[in-house]
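Structures incoming, each one as structure tokens.
Each of the next two complexes has chain A plus one other chain: chain B in the first, chain C in the second.
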Partner chain A sequence: MRPLTEEETKVVLGKLSKYIGDNVKLLVDRPDGSYVFRLHKNRVFYVKEQIMRWATNVARKQMLSLGTCIGKFTHGGKFHLVITALDILAPHAKHKVWLKANSEQQFLYGHNVLKGGLGRITENTPTYQGVLVYSMNDTPLGFGVAAKSTQDCRHIDPGTTVVFNQADIGQYLRSEDQLS
Partner chain B sequence: MGRVKDFKLLGKKGPGRKARKQGDPTIPAALREDKKIDKVKKKLGGRIRQRTKKRLLNLAVAASTRVTKTKSKSKKDSAGETTSESEHEEGRDDDEMEVIPQPSVSDDEDDSIGEEADDFCSDDEELVELPIEKKSRKRDKKLKKEKEESKKEFTQQMAGHEVFELPDIESISNEPQDLPTVSQRLREVLHVLANFKDLREPGRKRKEYVTLLEHDLKVYYGYNEYLIDKIIQLIPHSELLEFLDACETPRPVTIRTNTLKTRRRDLAGALISRGVNLDPIGDWSKVGLVIYDSQVPIGATPEYLSGKYMMQGASSLLPVMALAPQVNERILDMCAAPGGKATYIAALMKNTGLLVCNDYKKERCKSLIANIYRMGVQNTIVCNYDGRKFTKVMSGFDRILLDAPCSGTGVIAKDQSVKTSKSEVAIERCSHMQKELILEAIDALNASSSTGGYLVYSTCSVLVEENEGVIDYALSRRNVKVVDTGLNFGVSGFTRFREKRFHPSLSLTKRFYPHTHNMDGFFVAKLKKFPQKSTIVGSKQQPAEEEEKEEDEET
Partner chain C sequence: MEAEEESMDVEAILSAHQSKFKSTEVNKEVELQFDLGRLLATDLNEIEAQSLKTKQKDGYLLNLMRDNTQLLINEIWKFPVENNDGGISVQLPSPKTVLPREKPIPKEKEPTKWEQFAQTKGIAKKKRSKMVFDEKSQEWKPRWGYKRINDPKEDWLIEVPDNADPYEDPFEKKSEDRKERIAKNEYQRLRNIARADKSGRVKAPLPPAYAAKLNKHQVTHALGMARKSTASIGKFTPKLSKEPAAKSAGKKSKFRPVVGKKGEERALNLEILKKMSKKTDILDVKKATSKFISDEHEKAHAEKQQGIRKKKNKHVSHKAGKKPVKLMKQKARRKKR
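Let's turn to the complex of A and B:
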């Protein structure tokens, strides 16, 4: 477990800002205590500072998780957000997509969102903007990338993909092993 | 439309609904003559009359010789005879008058002329009526006997048994087993054992019955000898079958609301709209729900995936409720996987403070971590240590939950392999490990914590060795005290079991059985650690004790 290097921090925050924009600041300066990012076995954890201090007692080999895992670095140095980051992203989301009840299940199986299943979408979402996906009763279901801007969405036919699936809560079942 | 009847034409059928019918009058014995005659007339059938006629003829011939001798005596008797009995006989006599007395009359006439008609009759009666009397007496006797027999049978049926004959065990164990007969025999043996003094076969010992019971239970439910023996010792005979039957049937599916993300009412509404039939679990929990049936898989609904609830047995809520975690505490769950109890603790702590989840098995930690993330718990450290050496990593916790690995004898319904896989060695090994764990857990507690210093020990086993035995051991080795669990149901733990005697405070621990509480068999004990130096009980363990103390101080 170690703090992120400057370069890594840049990558991580850059990735987060794709989804939550300027709200990244709120993640770092929180009113309810200071939170830190820590790297452990290629995974980035977002954790309260006090808990991180206690966790220094645990040996590297035996440490499996602390706080919340938000993503992992690949061997190529890229940073991937994982589904467990949803709890951190959801409250600060800038661009959101709501799904109709019948397409919820499709999304949870890892499929992209089609125009037919789209319930609502935030105004002025540009193409390839990171979006948070919600069900109609405001339960966060995952996140992805908008394939079409809000304007485009009005005119396309129902079979067209609107949001690319990047992570959904179905992964808690489908790929339980890869979460840690 | 039905047929319209003219009721006037039909006439009157009965006395009418309101006509009160008077019962038959009771006529005093003295006035009863005529009635009696009628009754008797009806009673006697044609065959009887024929037979009596025949017999009387024979007798009359025989008696004619005796008549003279008895005559004087009978005269005396008949003079005083006004009892109902004699009248009764007279009546009968009248009935057969036309046939019977002919020969005798002729005889009599020879001997006694001018005798009273009554006298004559009574005389005849004594001789002639005898066979009928005899017959009726016999009949009475027979009836009485039958009545007695039926009464006896009835009382036996009421008692629900006939005297059960104890079969030979050796012969039984050699024969192939027929399950219905075994089941029948089981019930009978249990019935005898329930009231051994009265119902046993004379000369048979209690031990013989118990051996047979053990053998039959083993065959019928498929347990190994050691475990069934333990269960028979533990559960009273009257509840034994209920317990074993409960171990065959699965417990109801229960879920726990994740209060970090939702409320129970909202969750219940969401699930009901998905076609799930559910109910609150009971008065004792505000987060539990029982699922009766569901049209969708409960473990894969969007609500489940978004962490609004956790599927976990009702019994696994109990140790956490006993632990009563407070916000901003440091809490350790020593054997945390798969995270049902750990996430409940975190929910009660409202995601504050620190929750350390430890588990010995790395594979099991995967599901633990997945559940922790899914439920939105952010105050955890998950690590993979041997719980028996945990004080080397961290100590000074406010509360510790030790849900010790156990033989699983309370959850046989979940895992049938427990029935055959557990032996004495396995239980001892379990028990030994639990003792090591509980001492380590107590050492990791912070005794001078302002809010806590509590340890909750729980197992899903019902055996005394893994429960009361372990707590008693901890009481003798560390400066701890058993405190009330705060659970207002369940059975108190044993303070004495067979030859074992435990500390009296063990009655504050709680046991839960599958057949009485409809949850998995479970044991919960809450201990509080005290700051002052422990008083060492056993002189033999003294050096080891001190070594352990030293280790503690080092860490």
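Let's turn to the complex of A and C:
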């Protein structure tokens, strides 16, 4: 476990800001306590400072996880968000997509969202914007990238991909062993 | 009278001179062990631990050293002294004490593919004589080299078998085959070297021919490495005049402490965020155009709606701002209106 370097912090915050924009500031500067980012075995954890201090008593080899894992650094130095970051992203989301009840399952199986399954979408969502995916009753289901802007969504046919699936809560079952 | 006085003087001077030096005879409880080949004397007598603690420690050690050196030199004088024109010398015996070697034992050479095969098959290497008896010329000839046996240059005639290609030059084919065999052998030799190199057993130093081919970058790199390759990591390596400052060879990763001061990290992260937000202020053309197009659509839509409303003489305020749009229900709503 170690703090992120400046470059790593830039990458992580940059990636988070793709989904929640300026609200990243709210993650860094929280009124309800001090939270920090920590790197452990290539994974980035978002953890309360006090818990992190306690965790220093655990040997590096023995420690599996602390706080919330928000993503991992690939070997090439890229940062990938993982589904466990959903709880952190969801309250601060800027661009949202709501799915119709019948296409929820498709999304939870890891498929992209098609225009036909799209219930609602935040206005002025540009192309390739990071979006949070919700069910119609506002349960966060995952996140992805908008394949089409809101404007384009009005005119395309129902079979077109609208949101690329990046992570969904189905992964808790599908790839249980790869999480954490 | 005078002569007597002088002789007295000489004796006095001699005794005075002698009193300055200690006796060559040294008595020890346990005799020293000598290895004169290495000029080594080992003193097994017990050290006076008490005197090592006092202030006369240095004096005691010096005395001990002198005595032992005296004994060593006494021992050397026991050997027959040769008088050479340069001075006197003594032939020392061969050393008995075995010293550890300075360098590590050279690693065993990686066996070649053939050596491996021969070992598994139990083929032993046989010594072959250099000279071979040539039946044709009834002469002894070398197995290889100048005037060797079966020299292809001496073949002026080659029998062509029935199945051979009639348009082929057998002489050329023979030399071609030979070249091929040589090439194959060279290839196998290189492959053996490569295999040995991979296993890490053979690490040839940089050959001078290769060193001559280094470019400027490589030379500066090699120089930097050489400067650093001392016990003190190049701290005391003298510098040449006008030598360029060495570029640091590697980047050392340095991380902040795992637990810093409270709130320090938040400030750092906010600083980074501030820097990042400056960058993102640059106009995003794609976003701007899509926003523009979206606004245009909105406007047109509003105008259209207003036109309809004017006709119907109804007044409904248009919803504006960033609010979710129900795409699927939009058409239905329009129809209702």
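Methods note: the second predicted complex is superposed on the first by the 180 of 180 C-alpha atoms of A that agree within 3 Å, B and C clash if a C-alpha of one lies under 4 Å from a C-alpha of the other, contacts with A are read in each partner's own complex, and residues count from 1 in each chain.
Definition applied: a contact is a pair of C-beta atoms (placed from the backbone, for glycine too) under 8 Å apart; a residue touches a chain by one contact, two chains touch by 3 or more.
All values reported here derive from a predicted model rather than from experimental measurement.
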Exercise for the section: Return fit or clash for chain B versus chain C, each positioned on chain A through the superposition. Expected result: fit
Exercise for the section: For A:14, decide between first (touching chain B), second (touching chain C), both and neither. Expected result: second
Practice task
Determine, under the contact definition given at the top, whether A:87 touches first (chain B), second (chain C), both, or neither.
Solution key: first
Problem - chain B, chain C and vertex chain A (Cα centres) - angle in steps of 10° - result: 110
Exercise for the section: Tell me which partner A:150 touches in the superposition: chain B (first), chain C (second), both or neither. Expected result: second
Exercise for the section: Determine, under the contact definition given at the top, whether A:170 touches first (chain B), second (chain C), both, or neither. Expected result: first
Practice task
Pick one for A:67: touches chain B only (first), chain C only (second), both, or neither.
Solution key: first
Practice task
Examine A:42 and indicate which partner it touches, taking first as chain B and second as chain C; both and neither are also allowed.
Solution key: neither
Problem - Three-chain overlay, closest Cα atoms of chain B and chain C, distance in Å - result: 16
Fill in the blank from the handout: Residue set of chain C touching chain A in the complex reads 253, 255-260, 262-263, 265-266, 268-270, 272-273, 276-277, 280, 284, 286-287, 290-291, 293-294, 297, 322-328
Practice task
Mind listing the chain B positions that touch chain A in their complex?
Solution key: 270, 299-300, 302-303, 305-308, 330, 354, 356, 362, 365-367, 369-370, 372-374, 376, 378-385, 393-394
Problem - Complex contacts: residues of chain A adjacent to chain C - result: 1-3, 5-6, 9-10, 13-14, 17, 22, 24-25, 28-29, 34, 36-38, 49, 52-53, 56, 96, 98, 100, 118-124, 126-127, 149-151, 153-154
Exercise for the section: Name, in rising order, each residue of chain A that touches chain B in their complex. Expected result: 47-48, 50-51, 54-55, 57-59, 62-69, 83-84, 87, 104-105, 108, 135, 137, 139-141, 169-170, 172-173, 176-177, 179-180
